[in-house]
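Below is one structure, written out as structure tokens; comments come after it.
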Amino acid sequence: MNFFRRSAVLGSRGLCFSTLNAVRAMSSSGGPTPPFTTLSVTHPANHITHVELHRPEKKNAMNKAYWSEMVDCFNQIAEDSECRVVVFSGAGKIFTAGIDLMDIAGDLLQPKGDDPARIAWYLRGIICKYQKTFSVIEKCPKPVVVAVHGACVGAGVDLITACDIRLCTQDAWFQVKEVDVGLAADVGTLQRLPKAIGSRSLVNELALTSRKMYSDEAKSCGLVSRVFPDKDSMIAGALEIAGEISGRSPVAVQGTKINLLYSRDHSVTEGLDYMATWNMSMLQTQDIMKSAQAVLEKKSPKDVIFSKL
Amino acid sequence: MNFFRRSAVLGSRGLCFSTLNAVRAMSSSGGPTPPFTTLSVTHPANHITHVELHRPEKKNAMNKAYWSEMVDCFNQIAEDSECRVVVFSGAGKIFTAGIDLMDIAGDLLQPKGDDPARIAWYLRGIICKYQKTFSVIEKCPKPVVVAVHGACVGAGVDLITACDIRLCTQDAWFQVKEVDVGLAADVGTLQRLPKAIGSRSLVNELALTSRKMYSDEAKSCGLVSRVFPDKDSMIAGALEIAGEISGRSPVAVQGTKINLLYSRDHSVTEGLDYMATWNMSMLQTQDIMKSAQAVLEKKSPKDVIFSKL
Amino acid sequence: MNFFRRSAVLGSRGLCFSTLNAVRAMSSSGGPTPPFTTLSVTHPANHITHVELHRPEKKNAMNKAYWSEMVDCFNQIAEDSECRVVVFSGAGKIFTAGIDLMDIAGDLLQPKGDDPARIAWYLRGIICKYQKTFSVIEKCPKPVVVAVHGACVGAGVDLITACDIRLCTQDAWFQVKEVDVGLAADVGTLQRLPKAIGSRSLVNELALTSRKMYSDEAKSCGLVSRVFPDKDSMIAGALEIAGEISGRSPVAVQGTKINLLYSRDHSVTEGLDYMATWNMSMLQTQDIMKSAQAVLEKKSPKDVIFSKL
Amino acid sequence: MNFFRRSAVLGSRGLCFSTLNAVRAMSSSGGPTPPFTTLSVTHPANHITHVELHRPEKKNAMNKAYWSEMVDCFNQIAEDSECRVVVFSGAGKIFTAGIDLMDIAGDLLQPKGDDPARIAWYLRGIICKYQKTFSVIEKCPKPVVVAVHGACVGAGVDLITACDIRLCTQDAWFQVKEVDVGLAADVGTLQRLPKAIGSRSLVNELALTSRKMYSDEAKSCGLVSRVFPDKDSMIAGALEIAGEISGRSPVAVQGTKINLLYSRDHSVTEGLDYMATWNMSMLQTQDIMKSAQAVLEKKSPKDVIFSKL
Amino acid sequence: MNFFRRSAVLGSRGLCFSTLNAVRAMSSSGGPTPPFTTLSVTHPANHITHVELHRPEKKNAMNKAYWSEMVDCFNQIAEDSECRVVVFSGAGKIFTAGIDLMDIAGDLLQPKGDDPARIAWYLRGIICKYQKTFSVIEKCPKPVVVAVHGACVGAGVDLITACDIRLCTQDAWFQVKEVDVGLAADVGTLQRLPKAIGSRSLVNELALTSRKMYSDEAKSCGLVSRVFPDKDSMIAGALEIAGEISGRSPVAVQGTKINLLYSRDHSVTEGLDYMATWNMSMLQTQDIMKSAQAVLEKKSPKDVIFSKL
Amino acid sequence: MNFFRRSAVLGSRGLCFSTLNAVRAMSSSGGPTPPFTTLSVTHPANHITHVELHRPEKKNAMNKAYWSEMVDCFNQIAEDSECRVVVFSGAGKIFTAGIDLMDIAGDLLQPKGDDPARIAWYLRGIICKYQKTFSVIEKCPKPVVVAVHGACVGAGVDLITACDIRLCTQDAWFQVKEVDVGLAADVGTLQRLPKAIGSRSLVNELALTSRKMYSDEAKSCGLVSRVFPDKDSMIAGALEIAGEISGRSPVAVQGTKINLLYSRDHSVTEGLDYMATWNMSMLQTQDIMKSAQAVLEKKSPKDVIFSKL
């Protein structure tokens, strides 16, 4: 069921790539990972999956294939007990130019249906399908670190707001582009961006005027938590963060992601109740004893070997 | 039904004011626009309505007339298909000193009713009426850009947190004043301020101590998205932002405002469902085709002529 | 029912400590206030209660006694009509090292129950009890100003996110530690931290990697609203803020806290309705008249004498 | 502000109509009460307002005038401190045939707008306006007893589900008619009917097949709480129930309606919190002392004279 | 910690009372169980606790002592691992006359506080305390079967709507009495009654007119699920139902109660998510294997011995 | 994509089966419809799909295959524009005996995972998968009429509460069986049953004691809306209801189902807003004009030919 390429080296899973090698390996990725045509999936280090949006010749624009491949890819990752954390980035010169309008124009501009009600019905199906493409990132319990370089436009913003940790390069910029083409953004930006950053005035300004936001403002408003000088250092940084996460108990990490998302959408009282119900089983893990012992022995959590989850 | 003054020049609507002229025109506004006594309503440019709080001799304090005029004014704007965006500012030396205590003292300090329960009933009616005065800004689907200079005190903060984009001058300051006069702010600040800025500790400090917050802190905490050196440059900036918005598809812009507000008050899942239901009709607009064509022809969205909404 | 130590000086309640003396008094606290063994409770000034986490020899680690003493302490404060605001800090070299693992290891690591379901039932009871320890701070209607110096680790973060205003020293650092010991934080951090600061990416990074955050980042992300050079100046600052709060109408202040918390967990519409229902009685206080008169007479609200609440 | 006809007899308000006379008076109503053209408003007894849908020659079909007159009428009733309860019924042979399709066909079948998105915008405005027509019944804090005879079709069901107490005659029948004309009911039936009766299977059957439901099934499923042999006895019964309500403390009665509606749409915990916040003022009414004394003196609450609310 | 009287016979817990004996034992209860003064607590059979409201000479009116004893009693029951189900009934001639107005008149009619706001604050505390008295029944995870004979008035309705299964005698009647004494019911009836029965019209009629509802209507509207000819047969019936419940896995039973209550206050989607999170630990109980085996062996679940919970 | 068997007769779709023939056809179904092994799918009349649970030799117990086939089947039905309504019933002597414990015992009783936390994770996945099996019925916008004969046990109750209209035979009985085997029902009954019938006391009794409920009580409590003397007459009745539904505008019918479900889980205000947003496109259907014309011409809606949806 898991048809991701795993290099021989990773087969052993005992050997840990140096971060530098990992970055190099990632930069030299040859193309999409079959059966995918828009995504490259590699394993730069133990328990870390790297997903790369890989249509560099099309500025990583999201075509029809992309919308369903993302769902397949993240469903597999969700099931893959070897994977504990995901790094997501874009191949080529920019992160993504957003939707590939040419490719999906037919769906949106020549919709099916005999009257506006039936066309509406058809369009609703399309929108829901596209929304699922990004929601699948949140449904996957493994944390996703997204690394943005260059342009991140339109649906790119929808994508990154569904990720857990956002990093970018100095030259990155972000643009909520939808109003420019006559529509309200409908695959996540209007829902998730206001919950990702603190300034409501800024969110409104970005969404209503489609002005570009550059990396420094993205950092100061909290959209990204770190800015790196260039893509290589960013990927190295992403791998380092991913390494911190993959080295910790998957019971703890995945429970944390699930409950952080639950809290976003519920009152504190509701969140606490859910948390208690969650942890009444999860505190029965051996990982706590293993981790506590590591603490006593002054070891890093990363030295502990945790069972599969 | 729409009795706003429209100058002869704007009657044609084909001619576009230069921003500079617009600013001058706005600065020289002669007084309230009848039948209003506290608001001046002008049209500095195509599709842009400028509402000015206009009691400069009373520091723009909000008197009884104000509370009902705001509702009438924004209900008209909501219906006015010529208007696509609103700029809101204050005439005279400061934005607003808040509630005109002298004028409304009777209502609050000599409430009607034979016992505390009946007085409570009466007061509840007053509070709800005042709350509506600001909620009407959110119910109006046209984005509202508010421009603050000098003091913005008490009910002024309630007012601006109900607007969509907040700008201010270097000399502006903000004060949640209500605890100073013995009451918990009850017309919006306690509800909207925490959702407008990211730092909960700061919100609490402002609301519990009524200390002043100056423009630099307002910018860094995200309450305003831009600070201008003086009122003239701020109005010019507000008009520029308004111009960006008014030049885009009203179907896209107003759908964006409505869904951004919906998202604030719902979970992401709920917001996405509503968005899909919204756009199943709105994606059937010709504006998308018109806008897409403009993109292909390297034109600005502002060069497209959109139908009335 | 109230067995807090009140010094003779404070018995009169007319005399106001100078802030400096207050700080000295606070620094020289001799130990826990019986019957508490982990908390010292003093009254540095009129209407101000100072609660100090007091196990300095154990780095203020939270042991079994602590979990129930907090509940007793804040329930008493909630009932104490002399108290209008609370300052919370830690005795000794750091704020807190978090849970005292040695002391409570038995509860968590040797849970009772014949099968995993029964153990789950038992653990759920423990978690809920611990959650209440911090929720009691929110249920207490008096604002709580927390002052952090040195380390604030694990359950310490749970604690401070339940407080209303957060201050820290230059040398303070914060760490969401739970993933390091194999569990998802379950007594409040995952629920309250995302609602305390604006950057979701940062929240996720902190919770998933357990990296330390230092005072400057804590300030820029909005976790704390002020940073002080050292503990003494911080306590002085905390007392000053507390003095601003205690000098204002308790009807206004406590209604503000209750409604700010309500707003966090409800939509704006719901919050406004609750607020109107709240204030239909609270606007009938004499405090408004008293405060308004003080304003007219150019007095500070702090010169007004308010009735007990 | 209140321009309802009040007969000379009712002017004194001390005199109580016998129920029989009241019924006769109600049956002989001569026509709509100006300025209304579709509603007759009378006062058959102290504190009771009777609103009659009055287009008998058109089977009380709801035309354009009706939609705005209902809003005006119930807003006035909400403000009328003499009124404590409302009886609502239909003049002529049946309760109502529902929407007057001929009259409003233009609005729905020839909607305004240059493209489907703009038409959608226009239609949304119409729907929301019609929804308000019935929601105004719930917003009015005085209980509304609705008395149905003969047919109650389409929008008639929307109307009665917004009322508080439902009565009908033996010959009454109910029909959710909308699917028959190609639309999902959009002014309240789908929202309120499932919360008015307990059997979800029945609700679905009625709404999906538009079959008629007769009075006996309406009684057994709980849609109506009483069935009367004919219209006269039903009106007498409605007035008797109304008399029970109008004779009790308006503080108690209106607080009960408001909180019952609040509870319908919230969790029990939320409802209890709101209730406590509501009653912290309302328990300060003199009505409690007056009522308690009446109980001690073995009097009926109806012998107590309550102040205006 | 558990100071309930347990007869020597029950000490063994192996012996099962015949239902008839149990009924006799329950009827002959000699008075309140110390330290309670208003409640008698007995154990008529294995795992069954019988709580009797015991002020027969005062028609079981709820006095001050009652309000706190209920909380203590059900908190103990919640902790008592021997108890798996509760039967609740009233001693003497009727179930309860509701609040003992004489006893608590001081609290409500002479409230403390210097102005209406402070009195409101005080009253809110009282209301919340009284609300907790009944909410404690829902918080207790053991199902509560309530058996009503004769009158159940006012606060009695609040009480029984917080129980899980309602039974009554032929001569029982129910009355939402609060509007008769000038207040909206504020300790649960308005929140829980609409969620206990299906007919909203009936709920409104009962709450707004305070008319009596007799046992047959109580059965047909679903308030009670069974009617018995007299008190003895009802108690026998209650014990039989209780016996069915106590004989089943406490993991299953208590999880069922908790999730049924959760579902009442949440959407189906939310309820399903919570349920899955709950059962991910609870399905690990040995009770499933034990019960499944009993099924295979054609035994009753009551023949299985389950561990304590 | 649609591989349902369609008989040659139905290929024309113009010809309408007599109900009697349809019933006969349904009774003689030869077995599961490949590729299904547990479901038989036929088309007894135009626009009507009949799904039969088809493991009669196993009392229609739900085995592993069933859980995924239901999802596939209803996803296909959702996409099948020929289908407008579904009838669901059981083949053989009873409706269903519930879960096939033998078949799925391995999943539940020998769960995978190295510690209770990991087993919990695994079990949560299983539960969620099973929940989806029934939720898929609600996600399918076509109404589902379920017809129950004989026993409906355990998961059978979960199944039918997810259907829209419930019918049964005189000999039918229902049993919430889960507590008998040591678990709280976790695939829908505890969430949906309380929202399907009005009596909370009855719901609790059924779920806590697992007693059987027979057809007459099922009818009087509202679980089913009709009872038929035997299976043949019930299937005929189900087809008749289905015919009423399939003959009406699919835009109206499916919009009604979707909004009825939305209303169940939201407040009335929320439901009305969603409804207005929904119908702003759906009112643009030609079906309204077609249906209105049929009404004017005294035709049945069933004589109208509606476009595909």
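Every chain is named by a letter (A, B, C, D, E and F) in the order it is written, and numbering of its residues begins at 1.
The rule is simple: a residue touches a chain if its C-beta (ideal position, glycine included) is under 8 Å from a C-beta of that chain, and two chains touch if they have at least 3 such contacts.
Just so you know, these numbers come straight off a predicted model, no measurement behind them.
Novice: How would the chain A/chain F interface be labelled, same or different, where same requires over half of its residue numbers to be shared?
Specialist: On the two sides of the chain F and chain A interface, the residue numbers are mostly the same, over half being shared.
Novice: Measure off the straight-line distance from the CA centroid of chain B to the CA centroid of chain D, and report it in whole Å.
Specialist: 37
Novice: Give me the residues of chain F that touch two or more other chains.
Specialist: Counting only residues that touch two or more other chains, chain F contributes 116, 119-121, 195, 197-199, 220-222, 251, 264, 277-278, 280-285, 287.
Novice: Answer with line, ring, star, complete or other to describe the graph linking chains that touch.
Specialist: Contact pattern: complete, every chain touching every other.
Novice: Enumerate the contact residues on chain F facing chain E in the complex.
Specialist: 101, 105, 108-109, 111, 116, 119-121, 123-124, 127-128, 131, 135, 138, 178-186, 188, 190-192, 194-195, 197-205, 207-211, 220-222, 264-266
Novice: Under the touch definition given earlier, write down the residues of chain C that touch chain B in their complex.
Specialist: 143, 164-166, 195-199, 220-225, 241, 244-245, 248-249, 251-253, 255-257, 259-260, 263-264, 267-269, 271-272, 275-285, 287-292, 295, 301
Novice: Considering only the defined contacts, which chain A positions touch chain D in the complex?
Specialist: Interface residues on chain A, with respect to chain D: 116, 119-120.
Novice: Mind pulling up the chain C residues that touch chain D in the complex?
Specialist: Contacts found on chain C: 274, 277-278, 280-281, 284.
Novice: Which positions of chain B touch chain D when the two form their complex?
Specialist: Residues of chain B touching chain D: 114-118, 120-121, 251, 281-287, 307-309.
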